[in-house]
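Input: a single structure, listed below in structure tokens.
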Amino acid sequence: MNGKRSNDLDLKAQIVDVVDSLARTYLENDLLANVGDHPIPSRSEVIKSLDDVREVIYPGYFSRWPVDRINYKYHLGTVMNQIYEGFSAQIARSLRHECTGAHEVCDRCVRRGREAAVTFMGRLPEIRARLAGDVQATLESDPAAGRVEEVIFSYPGVNAVTVYRIAHELYHLEIPILPRIMSEHAHTVTGIDIHPGAHIGERFFIDHGTGVVIGETCVIGDDVKIYQGVTLGALSLPRDTTGKLVTGTKRHPTVEDRVTIYSGATILGGDTVIGAGSVVGGNVWLTGSIPPGTKVVIESPRLQYRGKALVEREPVIDFQI
Amino acid sequence: MNGKRSNDLDLKAQIVDVVDSLARTYLENDLLANVGDHPIPSRSEVIKSLDDVREVIYPGYFSRWPVDRINYKYHLGTVMNQIYEGFSAQIARSLRHECTGAHEVCDRCVRRGREAAVTFMGRLPEIRARLAGDVQATLESDPAAGRVEEVIFSYPGVNAVTVYRIAHELYHLEIPILPRIMSEHAHTVTGIDIHPGAHIGERFFIDHGTGVVIGETCVIGDDVKIYQGVTLGALSLPRDTTGKLVTGTKRHPTVEDRVTIYSGATILGGDTVIGAGSVVGGNVWLTGSIPPGTKVVIESPRLQYRGKALVEREPVIDFQI
Amino acid sequence: MNGKRSNDLDLKAQIVDVVDSLARTYLENDLLANVGDHPIPSRSEVIKSLDDVREVIYPGYFSRWPVDRINYKYHLGTVMNQIYEGFSAQIARSLRHECTGAHEVCDRCVRRGREAAVTFMGRLPEIRARLAGDVQATLESDPAAGRVEEVIFSYPGVNAVTVYRIAHELYHLEIPILPRIMSEHAHTVTGIDIHPGAHIGERFFIDHGTGVVIGETCVIGDDVKIYQGVTLGALSLPRDTTGKLVTGTKRHPTVEDRVTIYSGATILGGDTVIGAGSVVGGNVWLTGSIPPGTKVVIESPRLQYRGKALVEREPVIDFQI
């Protein structure tokens, strides 16, 4: 017992040195530390507010208690108040964190946080209308989607587009940090990576969606359908004379109205335009534009078939991880 | 202080209008609202019950306290009781939500919820036996799988197949909504999307699994192995004269016993049959059947090699997002 | 009411049989049960300790309360103490679970757990220095990465590499089970699957990352960049005369310094070496080595274009799931 305790204490004494050594680096020019006078937004609070917004958008679905025709308005008012408080605080944090002025005597960030929260909340009916179009498009496009309840509860595409439409509003209001926290949270949950800066039209449908990537400067029209594994990305950027990447230009494609892009297709480049009504087949790789009404598919690679003899023992060219 | 408060109150007053405007739409014909007399199932409660079932299937692994040879039976009984209560309540909700009859004077949904919960629980020994086969197949197929503990704790394929075998039972019992909530939860956690309607035989092995999609009407035999990124999907469905998709038929492939499908392969169509013992190579794209014992690989695309000169500065055809 | 109650009790009586039947199998030779005298590590406790380590690595980012220049050292000391307690206990569990000796009279596992926890914690400054290099490489390589805050908060690649560098230390200390729990947790959250046994050099950058797989015996140099969907895998393993897979050799590729591998590329085999400074294009499939400074791209498959006529009604070769 005595031996056990001193073993424990001896070891704990060693931790003290590590604590001191870490603590020293925190206050130096430490890339990974954020130990300033003004805290950055709290990731968990931002996600909590995002969940609150989802409750208001889809009443009855994600509520913590049953919502009925009597209590729904109390519920709505309560959650809207939470959204106001949560967004005000986190937006203020994100603005103050970026501010280079004198912080102590100034409450501009607090005011601006509140104003941005209210502006955002005023956009909620419009966001809901957009999302109703997206849900409707999902119901009409997917034969496995029998009930609106299943689509809202469990379609990752609907979830990702919901978060995108919320984050895009905040991006539009030039709020730093928060939109990316939201979009990466959606990426984690759905496997779908939509940059909040992208422009996406009405009745957007993503099926399955794992691996979908939609870059920051994409412009996507109405009634577009996208399947799993589609990348709308950028070509390599040039670097300037100091070796830094040249940014700030349109780097990602334009996809016009009524385009369908099947799984695994990759479309790259800021000057690339997929004309209205076009269909891009699975695994197609495009770095240039196609005119409206075009259908493009890959010439399937030839397949080699072999008979029974080879099946019993797999040959070396197969893989296994 | 005075100015700050009125700024805050003025802004809050603006929220009231948004609340009123949202509340009005909730009671209209609102696609996104579920504000009825009878609440839909609670997603979080369904997932809690799913976790309870997992505790019973893999005792000692996911329990909230250590399970030993003395306490395990108390633990099992307690969790089984939770499963009964949870499933009864959520199944009743899902049935009542779908019911078109007179709700108030009728407790049929409550009774049917309880009965379905007990029927499901009676299938647990069978489900466990199936999953033991799946875990065994994983241990035998994956050279990196040293310990059964690692396989059960951390293999996404095992996790996804566990949820599938649970959800499939409920699908079979014709319980609405719940199976899809479960399968989408597994999709979120594992990146593997198995529709609860699919039929999957014994000793099924999925390696890594990110991006795997297995459609609703798939029929998969015994001893099948599938790698990451494999899609077992449907061809485009015809639309009827009103423009609606024609559904209700077998839309997804049949995969017979002892088939291996390597990563990135796509197999489509309800009439497509992959004959027993076949091997489908990586990235193969099939929309027709292959006979038993066939091995099919793609003719690899030719590669273009270039020397050192081009490496220092990446050319325009590369991409970066 | 009476009828309702007996319906409920009758049904509950049926559960008792299932409980008994499950309980019997638990104590038999049950592959899925872990009902021994010594509990295995708790998955949720391991993940909690992992989150604690992240707080210490990125102070101010993931903390439960704001960290400032006054309180940061209290905070650090508290979390470090939690890490010590959590790791000590879970490492001891994992060691004792594997131990074949007489448990009751021996506290070696407890001592070894503590010692391993302290050894691990002593490596934290070095782990932080490595991760600072990874974050810096991300900032320099991704034009969308404007702020270090966004990179640390929301880049799945940074998250996955953080967990890898932690898990790799424990793997190196020969701690069972824990490293794989951690790496699979990261896989769930990020879609990136890095085996804790892999060796990865400095300034490693993964973009987007969904679907990335890095196998156990990979050796990766410095300044390597990898995009989404890249697999660094193994060829099929031979089986020995008893039919068991031959393991324990290097099965996964070597990637030398300054290599870039674009999305969807697959590189397989323990003898495969991608020479320093090489560039592997999107979707390339390699099972052999390439010399330093090589650029390899696939000859793009030819595309077939069709005009407007075909767009109105999608032909049968398209798919939809």
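A, B and C label the chains in the order they appear, each numbered from 1.
One rule holds in what follows: a contact is a pair of C-beta atoms (placed from the backbone, for glycine too) under 8 Å apart; a residue touches a chain by one contact, two chains touch by 3 or more.
Because the structure is predicted, anything quoted here is derived from the model rather than measured.
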Degree value of the rotation bringing chain A onto chain B, based on Cα positions, nearest 5: 120
Proportion of interface numbers common to chain B and chain C (over half same, under half different): different
Centre distance in Å when chain B and chain C are each reduced to the mean of their C-alpha atoms: 21
Per-residue multi-chain contacts in chain C, two or more chains: 143-144, 191, 208, 210-211, 213, 215, 229, 231, 234, 237, 263, 266, 282, 300-301, 314, 317-321
Footprint of chain C on chain A - complex, ascending: 4, 7-8, 11-12, 14-15, 18-19, 21-23, 25-27, 30-37, 39-40, 43, 97, 141-144, 176-177, 180-181, 183-185, 187-188, 191, 193, 195, 207-208, 210-211, 213, 215-216, 227, 229, 231, 234, 237, 245, 247, 251, 260, 262-263, 266, 277-279, 281-282, 284-286, 290, 292-301, 314-321
In the complex, chain A residues that touch chain B: 56-62, 66-69, 72-73, 76-77, 80-81, 84, 107, 110-111, 114-115, 117-118, 121-122, 124-125, 128, 131-132, 135-136, 143-144, 147-150, 152-156, 189-191, 208, 210-211, 213, 215, 228-229, 231, 233-237, 239, 252, 263-264, 266, 268-269, 282-283, 287, 300-308, 310-311, 314, 317-321
